[in-house]
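Chain lettering (A, B and C) follows the sequence in which the chains are written, and residue indices restart at 1 in each chain.
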Amino acid sequence: MSWAVNWISNIGAATINRITVFGRATLMLIGAIIAKPQPAKLIPLTIKQLYVVGVQSLLIIIVSGLFIGMVMALQGYTILVGYGAEGSLGPMVALSLLRELGPVVTALLFAGRAGSALTAEIGLMKATEQLSSLEMMAVDPLRRVIAPRLWAGIIAMPMLALIFSAVGILGGHLVGVDWLGVDYGSYWSIMQSTVDWNKDVMNGVIKSIVFAFVVTWIATFKGYDSVPTSEGISKATTETVVFSSLAVLGLDFILTALMFGIE
Amino acid sequence: MKSRKVELLVGIFVLLTIGAGLLLALKVANQSMSGVSESYTLYAKFDNIGGLKARSAVKVGGVTIGRVESITLDQDDYTPVVAMTISTQYNAFPETSSVAILTSGLLGEQYIGFQPGFSIDGIENLAEGDYIEDTKSALVLEELIGQFLFGNNDN
Amino acid sequence: MENLIEINNLTFRRSGRLIYDDISINIVKGKTTAIMGPSGIGKTTMLRLMGGQLLPDSGDVKFKGESIPNMSRKRLFEVRRQMSMLFQSGALFTDMTVFDNIAFPLREHTRLSESLIETIVMLKLQAVGLRGAAQLMPAELSGGMARRAALARAIALDPDMIMYDEPFAGQDPISMGVLVKLIKAFNDALQLTSVVVTHDVTEVMSIADYVYILAEKKVIGSGTPEQIRNSQSPLVQQFLEGKADGPVPFHYPADSVQQAFLGAEL
């Protein structure tokens, strides 16, 4: 009998542990975002973080977007040309990018590029007593360190996703029209008649905002909550990438079902 | 200063985003056709709309002049009613005009082909809210094949 | 003699382990108080308790008669402007220059003009002898210089009290001498109250007005450096002379050797 009791109490302990972690993460979020924002200080700090998480992620986003658009055009063309429907290449590339690949791939790249960096940076600030030192200087590290990073992440990722999709569509054009000879007019005009601003573009942006929030929250919290040793920080960084990738993929399914599932 | 460089690059980032947004809005989602420009609405009843959908194009000789706004079913005679928004740029179509549901290519999407009618005295132009009387339904492939195989007494 | 900080019957546990058992310490205003003890005794913890970063399980910490554990967060932040801490690592912000690091508390808590801030920062840097290093990044400083820069930041807002966390650890004799001189100079010139947590006996004995020695979760000795030197307590003497074994055992608590190596039948 005792193994059963152990097993059940293990489940209980794990559950309590998860809930405590979630509670700490929520407290951090409330402390950073909700409690009395100070725009005069927050805005310049957020702009600086926009540079770090946004501008420095631009290159990887543009290059990935370009190549994914090109690959999709190449793959799509070989399939569509079999049905004589290569004119539909435009909408295929555009819809896949706007609805799915733009938000999801951007979120995954962002988690790897900017999320892990955020976690490591905050973890190291904790390890080198910089967070403690802020507190002793009567400056709230949640507002000073966490809040600008959270905002910057939430703002930057949808921007990156838009750029990703646009570059991808241009990449598709490059391969589809310039290389494989799909008609220029049909690439754009069928795309135009198929893609809907609200349904496709805005839903993609909404997805991206949700992903941005989740990824940045996980990244900042993992750093803030890390064990301040080199081992602890490396674990926190890995967990940021793993957890936020899983969260993005899981949420993507739920959001897609809500947005496009029921018509 | 270092912070000026940061601000400059963040500014470029914002401009890039706006550029991407504009590209998506104008070239990809074609925001300019709906809403912003002036338009008027025409209606047409079809026996069968086939695969026509809201936002399908309305074309005259291949030139898009408007889009399908909505497709509803008439409660009295159970025929589909298609509402089309037509740009006011094209506002002088006579009442004798006809519309047909056509398909671009064998498997392409369906659109409304608008055939402007003849114009003589006593024929007014189509205006907001008018019904186009002369309509041709979508070709349904199965029916077509049926007609071909089993013959049709009318022909 | 007025007490700036009074610690009364403080008990503190961390993850179930008892760190302090019913400790009382007074920090006298305008004096230098040293808290000494072997490594791992939780001396840094004591500073965090004073700064309100940790809360005691029982007992009280009073700053100017006001109970720190019972303060609202807002009041605690106000009180913290009157104290500052020099962290062991220096804890300089690595993404700013030395100048911006020292200007940081001024920019956060005052509305001084940028030119006035520059003057103050340069004065503080002059005091620690690093005026020439204002535009360097923290990574470019040596350990001793980083600690001096951190000290300049700690005095930027002219606090009433500075807490030094192991200021001498890992310093070469010259930087150690510089730091000893600076701590003493600030204490004399600025009427600062200093709390020095350390295990470097000789350095701290030369500057401290009053000394507490912590070991075994208790205060094992206190008094002026003179009284401490003449203490009869074997614990105190072991610490001062650095004997390997004594009342503070060489071995971490474990089963008896016989049991561990020869089995239970003995």
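In the analysis below, contacts are C-beta pairs under 8 Å (C-beta built on N, C-alpha and C of every residue); 3 or more make two chains touch, one makes a residue touch a chain.
These figures come from a predicted structure and were not determined experimentally.
J.: Among the chains in this structure, which pair is joined by the largest number of C-beta pairs in contact?
T.: A-B
J.: When the mean CA coordinate of each chain is compared with the mean CA coordinate of the whole protein, which chain is closest?
T.: Of all chains shown, the one whose C-alpha centroid lies nearest the global centroid is A.
J.: Once you find the CA centre of subunit A and the CA centre of subunit C, what distance in Å lies between them?
T.: Result: the chain centres lie 42 Å from each other.
J.: Per the centroid of Cα atoms for each chain, what is the distance between subunit B and subunit C, given in Å?
T.: Roughly 77 Å separates the two chain centres.
J.: Roughly how far is subunit A from subunit B, centre to centre by C-alpha average, rounded to an integer in Å?
T.: Roughly 36 Å, centre to centre.
J.: Which residues does subunit A have that touch at least 2 chains other than itself?
T.: If we look for residues of subunit A contacting two or more partner chains, we find none.
J.: Okay, in this complex, where on subunit B does subunit A touch?
T.: Touch list, subunit B to subunit A: 3, 6-7, 9-10, 12-14, 16-17, 19-21, 23-25, 27-31, 55-57, 64, 67, 104-109, 111.
J.: Please name which positions on subunit A make contact with subunit B in the complex.
T.: Per the touch definition, subunit A meets subunit B at residues 47-48, 50-51, 54-55, 58, 83-85, 87-88, 94, 98, 156, 159, 162-163, 165-167, 169-170, 188-197, 200-201.
J.: Show which residues of subunit A lie in contact with subunit C when the two form their complex.
T.: It comes out as residues 128-130, 132-133, 135-140.
J.: Which stretch or stretches of subunit C touch subunit A in the complex?
T.: 48, 51, 53, 77-78, 80-81, 83-85, 87-89, 91-94, 104-105, 108-109
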